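As written, the chains take the letters A, B and C, and residue 1 is the first residue of each chain.
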């Protein structure tokens, strides 16, 4: 997808396909997890597809992106092969990160996706550093760093707002507010329910949009990246969204109110965007069925590929601890060899 | 400032030379930290560099250790070579999440897609009546972590040569200086004299006992060696210089010759550098040692303020002398 | 007359020594009771009574007799034998190791020898013996009671030197902290002089007598001269410390002399071990510690595979016949305190590298502890010996007769090598194959050694 600007019908079809792919991929990942083929944590972004795809569709391909650990969608939206994402989730040698990172730590540097990180708030300074490097080199990219409502309460995020405002770094802080930090609701965790004013306090232009509406997200992020690119200013966008699954696969999701979940279900970003596509005659129902079938096939293929991929050779355990290694023995620890 | 290698140069100025030379050599190198530009750095290591290289390359940060350390890691991921000054190691604790969870992990966790060529400089150590929160030696915290490289120079020559190597290295390097060494003078190398990581150096040769010490403790050990020599005891003082990587061969080779080892470490005794080195030496030299490995550490207390208490807590030459004599089975007169 | 004969307790045993009669002459003995300790060329064995009856001893303690020589009779109360009994077969013999001071053969003091009284302190503590906590060394007064003998506090270095010199640490007085035996004490014992400070005294302290104050002890301990037998000068030999050969050393001496009668020749060949090193590094990650192969384990595997392909390489001279033994059993030379033994990896061609690694490790450990069974040291078709770990590049080994061949393995080290017209650095190891020329000829030996080299240069082949 090319960056912001007028949204052509083809852009809309691409965005819808990307959202379908994420939804279908996440559901398949859930199956793989329950079948015991995926270990550890699995944080699904079902419900957040509009926020992810709207954001990525508004970015230029060379704009660096950083994310939290709920980032399968970011990789897929950036064009990473679903095969290598699924293989990474299964910990196989064909995985995006060679089975080292798993679900929480995907990175595709070739597509300027600088990774998913597992410490809440801890990735925000990295996005800021990418912005710093852009300015240092006189580039015109914009760093986009996505983090959740929970991260806004981490001190380091405030530190980053301050430095971005102080140094006018080309960064978009994207708060994906899904209203829950694990099981704790925003109103139990935050003194003020609007989060974007925290950035405003540091002189950063900021606003809030409906994160369930992919076109709204695209428009907001397009404007944010334009400002950051052309006016060399940091910007903050808060996307109000909702995830339909628990925090991770191990979360039974009993805390959230059933009525609340049902209310947000009605605003499922795929359903609402499908209505727009049909209403504006961008796609027909048959087109959508065909696209859905094609995406499902692609995801099945990814799962098959991952399941049939070889395990990572144990001999590679200690590879890549260092870029300039000094020994080849994981158990040799610090010793020079 | 002169780079005349014949003239003795203070440790802080040796570091300054390394930074200046590397800033001049590689436009991707830049410095950031608290009060390093306009104020020349809390210990004056960056004196004059703002004037020479400008505010783009020598950047004053807010007091925001986690934030600017993380920022530098992100910039390194983009291919720059930031050299971060954290004013003292005590404040690095605020940045530990960035150092341990990000800098040390990123190359491995993402399958080698990006490296993090960052240097984080900071002084550690006590001895200036700064009490508990400003007198810590935390070398072991960093040396524990795979993915980091840990360097602890003891002389101006090492400070310069190892810092230049650190800046050119593609991995995150934790470069731990010592507040008590900044004024120490000695010869330094030229612009092309790099000192490789993983090479211990014999500071004084001897046959009766190996004394392993790093950073400021090298000088404590050398003073003890003088006193021991007056009693007819010749110790071999070895400075590992880097802990990741560690040159065990040189340490173990010496211990195998002498049959005795005493480790002097300004850090705490429990689970620290001296404990780790002792384990390596027991494994490498078991059939060669003639006595249990001796250790001289900071007392196992938060550092007190009172001068007499602080001196009692820190390893002194007399402690090293006593440990060596006990180790080789000589009575303490 | 039903007699007990000197039993054959190993394949190479030709004679045995009666170490100790556990039962006295005239004692009533029951079948299966431990009767006599016999030292073979490889181990000390306890032989059980073959039947009930009254023991009548023929061979005295200390007698060395050929296999088959009568050593006792077992009869009824009136002195009449109860029936013809042969000796206990090796399979039934209880291979319990004994603590035996007099022989000098180091054996483990593992507590299992409790049925045999009189067990003393081991003359030489085998290196793998478990170390007591160091507080035993610094606080001898509270040393835990040992099941056999008193634990000697000695530094690892002192133990190491003593083991190599064959010095019994129980005869040495320690002057280290807490009375620990340290290097200077062992050196003093070996030189016959009392331990002296190995560090010159400072001038100011020179007037005072040397005082060694053990940590935590109130009274200084004065060094005392070690209890060593006085040197016995004889003939024109210079004075020195004299120790009788142990039985093991006698056996080695005799068999090496015999083996040297074999008309042998040696072939050498360099092997590129770069791939082997890489394979080992991989296996190190993949395998538990006790199965990680040494270079030598890989060589054992390669030799076994090559012998399986060419069984004639194991054919030996047996009278006027050539004997090709069944099974590819490979001997592995292991140095033990005061000698050398060659335990055998049975059917090594049928075993994986990790199995071989684990087995060799176990054999070596028990070999050093003196607890190998004789049948674990016999039947090898060919042997492998390795001095690479000592930095030796190449050497020619003496054939372990009656085997026809032995492979000597040097160290694996980086050397400049010309490859495709370029000088490159590769890891290289030199193999030296010594063969019995009466049964193996040059071309055969060369082909065999070439095959071993080929297997080692393609280590994946060793892992199938």
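Keep in mind that, in the parts below, a contact is a pair of C-beta atoms (placed from the backbone, for glycine too) under 8 Å apart; a residue touches a chain by one contact, two chains touch by 3 or more.
What you see is a predicted model; the values in this text were computed from it and never measured.
Engineer: Closest chain to the protein's overall Cα mean, using per-chain Cα means, please.
Structural biologist: If one averages C-alpha positions chain by chain, the most central is B.
Engineer: Select, from A-C and B-C, the pair of chains that is joined by more C-beta pairs in contact.
Structural biologist: Looking at contacts between chains, B-C has the larger number.
Engineer: Comparing centres built from CA atoms, which chain ends up most distant from subunit C?
Structural biologist: Max centre-to-centre separation from subunit C belongs to A.
Engineer: Give, as an integer number of Å, the spacing between the C-alpha centres of subunit B and subunit A.
Structural biologist: That pair's centroid distance is 40 Å.
Engineer: Return the distance between the CA-based centres of subunit A and subunit C, expressed in whole Å.
Structural biologist: It comes to 65 Å between the two C-alpha centres.
Engineer: With chain centres defined as C-alpha means, what is the inter-centre distance between subunit B and subunit C in Å?
Structural biologist: From the centre of subunit B to the centre of subunit C is 47 Å.
Engineer: Provide the residue numbers of subunit B that touch subunit C in the complex, in ascending order.
Structural biologist: So the residues of subunit B touching subunit C come out as 208, 230-233, 259, 286-292, 326, 328-333.
Engineer: In their complex, what parts of subunit A are in touch with subunit B?
Structural biologist: Spelled out, the residues of subunit A in touch with subunit B are 64, 66, 95-101, 105, 107-109, 114-115, 117-119, 122-134, 136-137, 155-156, 159-160, 162-163, 166, 319-324, 326-327, 333-336.
Engineer: Which of the residues in subunit A end up touching subunit C in this complex?
Structural biologist: 313-315, 317-318, 328-331
Engineer: Could you please specify the touching residues of subunit C with respect to subunit B in the complex?
Structural biologist: The touching residues are 127, 134, 155-160, 175-177, 180, 182-184, 197-202, 205, 211-213, 215, 220.
Engineer: Can you name the residues of subunit B that touch subunit A in the complex?
Structural biologist: Against subunit A, the touching part of subunit B is residues 30, 56, 61-62, 64, 66-80, 97-98, 101-102, 106-117, 143, 146-147, 149, 169-171, 197-199, 243-249, 280.
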